[in-house]
Amino acid sequence: MSGFVASLITLGFLAQVLRIAIPYVLAALGGTLSERAGVIDLALEAKLLMGAFAAAVLGYETGSIAIGIAGAAAAGVAVAAIQAFWSVRLGADQVVTGIALNLGAFGFTRYLLGVRYGQGANSPRFDGVGTGVLTNPISWIAAALVALVVVGLGQTRLGLRVRAVGERPDAVAAAGVSVARVRWLAVLIGGALAGVGGAQLSLPVDGFVAEASGGRGYVALAAVIMSGWRPGRAALWCLAFGLADAVQYRMQTHGVGLPAELTRLLPYVLALVLLAAWPRRVAPPRALGQPD
Amino acid sequence: APAPARPAPGAAPPRARIGLVFDVGGKDDRSFNDVAWRGLVRARDQLGVAITTIEPSDGADREAALRQLAAQDLDLVIGVGFIFSADLERLAREFPTVAFAGIDYAPTGPDQPPPNLAGLRFREHEGSFIVGAIAGLSTRTRTVGFVGGMKIPLIRKFEAGYVAGVKHVCPACKVFSAYAGTEPKAFADPALGQELALAQYEGGADIVFHAAGKTGAGVIAAARAKGKRVIGVDSDQFHEAPCCVLTSMVKQVDVAVFDAVADVVAGRFHGGIRELGLADDGVGFVANADNAHLLSADVVARARALAADVIAGRIEVPSQ
Amino acid sequence: MTAPALRVRASRRFGDCVALADAALEVAAGTVHALCGENGAGKSTLMRVVYGLERADAGVLELGERVDLARHDVAGAQARGVGMVHQHGMLVPTLTLADNAALGHEPVRGGRYDRAAAARALVAAAARLGQRLDPDALAGELTVGEQQRAELAMVAARATRLLILDEPTALLAPREVDALFAMVRAFAAGGGAVVLVTHKLDEVLAVADEVTVLRGGRTVASWSAEVTAAEIARAMIGGEPPPPATRPPPPRPDAAIGLAIDGLVVPGPRGGGVVDVTLRVAAGEVVGVAGVEGNGQRELALAIAGLAPVARGAVAVGGVDVTRAKVAARRARGLAHVPEDRHRHGLVQGASVADNVALGRLGEVGRGALIDRAAVAALTAQLIAAHDVRPADPSARVDALSGGNQQKLVVARELDRPGLRAVLAVHPTRGVDLAASARIHARLRDVAAAGAAVLLIAADLDELLALCHRVVVMYRGALVGELTGAALAAPDARARLGAWMVGATP
Amino acid sequence: MTGRARTIHLAVVALLATMAVGSVLMIVAGASPLHAWGQLLRQTLGERQGFGQVLFRATPLVFTGLAVAVPLRAGLFNIGGEGQLTAAALACAVVAAALPPGLPAPLAVLIATAVAFLAGAVVGAATGAMRIYRGAHEVIVAIGLNAIIAGVALWLGNRSLFVGESTRTATIPAAAQLPELGLAGSSASVSALGALGVAALVAWLLARTRVGFTWRMTGQGLDAARAAGLPVDRARVWAMTVAGGLAGLAGAHFVLGHKHAYEDGLGRGVGFLGIAVALLAQGQAMAIIGAALVFGVLGQGGLAISSDVPKEMVDVLQAVVVLVAAASLGRRKR
């Protein structure tokens, strides 16, 4: 028990929390942008997955981490572009669109692995970014993006428009601003963020495995909702999830508490308990999910 | 993804048609499935058989994949992984003219498996016992770790043998142990494996043994990043991290696959359960020129002696 | 003669519905021009075309100079000095007034949006209209009246050539209307042009220099000289207007109390809602509730209907307390509800007419766990016929019905049923044309005559004065005044009610 | 467009889009689309074994599709089919294995099925109650419950329920096992007929009963339904409850009709795919049968041609189908 407690007050533990939280944080920031603009972002899972895939495959093919990360952003944007076309242009149901994209990304990454490398589950290994937090460029990108999104959403022209468009798109149109353009921008930028978050799922482990996102997109969305659609708080919730995960690993390691099958469930139980204990929190953006 | 059923170069019609379905983690997990794949490729090249493989993506797909191969009237259908046990029994009864082989086969009831099903089992706890002893002898912090994939009886066999081995040589040593999860995905989540291993290294462990398939790639990555030692599994994983792979608990899945194919080609296939342990070289550890710089001759000698004890029945290795 | 400030001709269809059929409008600089027409005549659509918010299928537009309609948009309209205050407020509720005012023209400094500059600009604009407002207040926390004044300040600050006001008075008390019209005349005196969209004829006569009437998307009349209300009304409906509504016979003195409200407190947004209301409506009596929107009428109605939680007090229907009863129990007790928002609370938009009838009458058409489809069909056919719902097709989807026909359907379902004890009707004729309004008034009158207690919440004083035996005024969640009997018929009734509506104590 | 015309239109567009995207994926993988499509169709619809497998795959999808469709009609989104199915399958297998010997087969099947329905229903009810009475979004709740149920099921299994070294529970007695349909070495069992019956029952429930009417009205106009006195909160919790039970029937199908035990990973992915099925069918109970067959053909066909094209191609095609459905649903709302 004392070993367990001691293991929680180490720099290694802090680094672990950050490492685990980064994909959540970037996905949640992306999701916040998209949802504040009124587009439900259930496709975070697809963006993380495609980002992880692109980072690993481009990293392997070009040998460049920078290209890998850029590719991850581009892959997130590509998913977001389909999402935006469906949600903004076609007025399609956004929940359904998101789920379809997740399903598609799951199959598409495996399909591409099969076509390119003759195997459906793994990309070839290459030297990624390692496990250091300070030496990992994604950590710095994530830190910068948290600040950028918080300031960008709260204090810039585009941020104002994004916040407005998620509430009263008709009022934004009446002010002479193109609702579709603002939504496209928000969704695409959000896609880039989530895509970079995906890179953190493959670059530190030197390759991509099928289903690397492992439900993290949904957890990130839970963070967005629990934050009341505020980017800073969403990032904090993501840190809390990272913390719950890391504590859970240490509990297992030191044989504290429950059996492994159950400690694994800590983050989910935490989320459900919080949802049940704080009924009906902040209202979502009013136009969330509305085609126009 | 598929591997086209192409015959060995130069050979005319294939001497047999062999199908294989992978476990979670898939081909090129550089672990369990990879070893099976190597055995199959060797059979294709040396025995001139045609091969077809399927990597199922989720639970519901697995039985369907086996059935798909069986319905094509192949000569031999191999399921790689204990998870196929029940399905293989049932399909063997339904398709009596097809030969089946199950790697890590675990009988699901008291009945004998059907005669056209060969169950290939390994005494993983024995091999794990030896690498556990190696860990116990090599640790400087008197703390070592174990990372399992999914928490299921098969993987608990590794853990039990390993812990026993550590304690056998170093009763005061501490053994951390953690599992990656509750779904088959736990065998294919290197990010998670990395975090679990880091937690153990940071907790004081200086050697971690993994039995986690593809998830183990993360364990090895953690060792590489930390400059700590790691014990590989199933195949010799030395080249995954020459700095750090102390040894590997090898499991001759490739040999088992190759032999099963050879039996079919030679017309001497027979069903029944075969269990391969230290005595049969079915499991073992790696000590060669590659890892000589990590593994002292003393330790190797001790390990060999312990293996002999186990084979001779002087040591009883627990499997749970 | 100078070029007109605005000259437009436009056509526009929505699916099968022709909203504008070559409607034309010309407005001279320096004048206030009233644009009149029934609901759905195309007034808002035409103005949205001018403002660049709606595309025209065909037409021409001049704003001082010829404008290419195909490329016309809001930014272009604003650049030409056009401003528009919309019929249904256009503020983002979660933004401050300053943010709202800045939207689309955000001042930027050092890469960031300069919120302080936006606030200064708005305060200055309001000051020019003689208004004071708090630029940092969240739009959603203001009353609708305050919101509308803020919008006016924002728009007027930018508009130089043309100011479009689409039904700006619907949410204002009489005194506020006077202030608005003073502002409008000042704008015109300064050389600008104003289009005032309205169908309140007294307002037209009070403020407009010129009048244009739309009917069915066409311009049917235009006057630049003196014109009478009757002439405008005839042009609007294309015939003689129906006779005004009449009051039902007075309730018997010994009539039982159909609807009783005792010390009711209902929390509303921003601390509003119902503060303390006690009111009794006798069987056969029609009681009107007047008031500027946002003074608790909505919460009062929802609480009576069972759709909002009551903090304190009691509601009784036919002498039985229903304060905690579910909606279904209230209805079974004989309460009918013609809701304010028929889109939201009245009808299930995606469902058929028949399903919507069954919705409110499950007690009559349910057979155990099943629904008797023959009974639904029979009841629907009967209601369609009796209330002239068009199209007379039970399987038509409700959202394909016009607003007026939707309202007829709600009224039919709610008021044409046995065992009515109390009727709650909220703005029952809003957005409904004169003929349909007359039918609805007649129906309310009939159910009262048949012994139901009717509580009529409405903004239109004419409607209240014509139908009610008694009118109370609601202000800040409480009842502040009451007119009854002869006082209602007195010539100063409107003025007294209007004064109470803005807070004068009786 | 009328409802029927819209459904046909959707089917045609979905078919064309699937063929186009599928052909591109085949070409990229180096296969001839003509050959691959021919192979895919021949081995699914053209032969008994393949068709049996299609039926076998479609059967649980009917149940999980209905489990999405019912709440969808009532205005809720059930993404919790996975957990509902798992809880039900485990309960069903444990109870069936414990049934007294000598119980007549119909009774054994009935009891085991009822247990599966109830276990799924409990999970569904919990999700619905969290949504209605605690205001927690049902998608988030269901995702959490899916993970929690998977973990608890494995824990229970490891602790006591799994036999020997396996990850499966004891085999259920023969009386509780559903007979196979006997389609040439396929896994199709009589539960396929059960799926037809349940779909018809749900269709009738939605169209003709008071509770079905309440669900439909609640889904299309929550506030109007509430204002008209319908018990909308209760109805929505019930919709999730029934949905959980329906997903539970998919669990019963796997246990009683296929594996004859619960094993870890049973039916994984089927709950999720039910969403796609329900959407393609636009929530119409009877159309779900057709949609489930389409997905059965795709799934089985992918396996059949997997030596030419990575079989994950069909996951992409399923996504394409759902995307087309999403676009069509969106238009309808306006």
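Every chain is named by a letter (A, B, C and D) in the order it is written, and numbering of its residues begins at 1.
Operating definition for what follows: a contact is a pair of C-beta atoms (placed from the backbone, for glycine too) under 8 Å apart; a residue touches a chain by one contact, two chains touch by 3 or more.
This structure is a prediction, so every number in the text was calculated from the model and none was measured.
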Subunit C and subunit A - chains in contact with each: D
Touching both subunit B and subunit C (chains): A, D
Per Cα centroids, the chain farthest from subunit C: B
Euclidean distance of C-alpha centroids - subunit A vs subunit B, Å: 34
CA centroid of subunit C to CA centroid of subunit D, Å: 47
Between subunit D and subunit A, distance of the C-alpha-averaged centres to the nearest whole Å: 28
Multi-partner residues of subunit D (at least 2 other chains): 151, 154-155, 158, 310-312, 315
Where subunit A touches two or more other chains at once, by residue number: 110-111, 113-115, 120, 259, 261, 264
Sites on subunit C at which at least two other chains make contact: none
Every chain pair in contact, whichever chains are involved: A-B, A-C, A-D, B-D, C-D
Residues on subunit D engaged by subunit B in the complex (per definition of touch): 49, 53, 56-57, 60, 150-151, 154-155, 158, 162-168, 171, 185-187, 258-259, 261, 263-270, 299-300, 303-304, 306-312, 315
For the subunit A and subunit C complex, residues of the former touching the latter: 151, 155-157, 159-161, 163-164, 167-168, 170-177, 286
Touch list for subunit C against partner subunit D, complex: 305-307, 326-331, 337, 339, 344-351, 355-356, 358-360, 362, 366, 368-371, 373
Touching residues on subunit A, where the partner in the complex is subunit D: 42, 82, 86, 90-93, 95-97, 99-101, 103-108, 110-111, 113-115, 120, 215, 218-219, 221-222, 225, 259, 261-262, 264-265, 268-269, 271-272, 275-276, 279-281, 291
Subunit D - residues contacting subunit A, complex: 25, 28-30, 77, 79, 130, 133-137, 139-141, 143-145, 147-148, 151-152, 154-155, 158-159, 272, 275-276, 279, 310-316, 318-320, 322-323, 325-331, 333-334
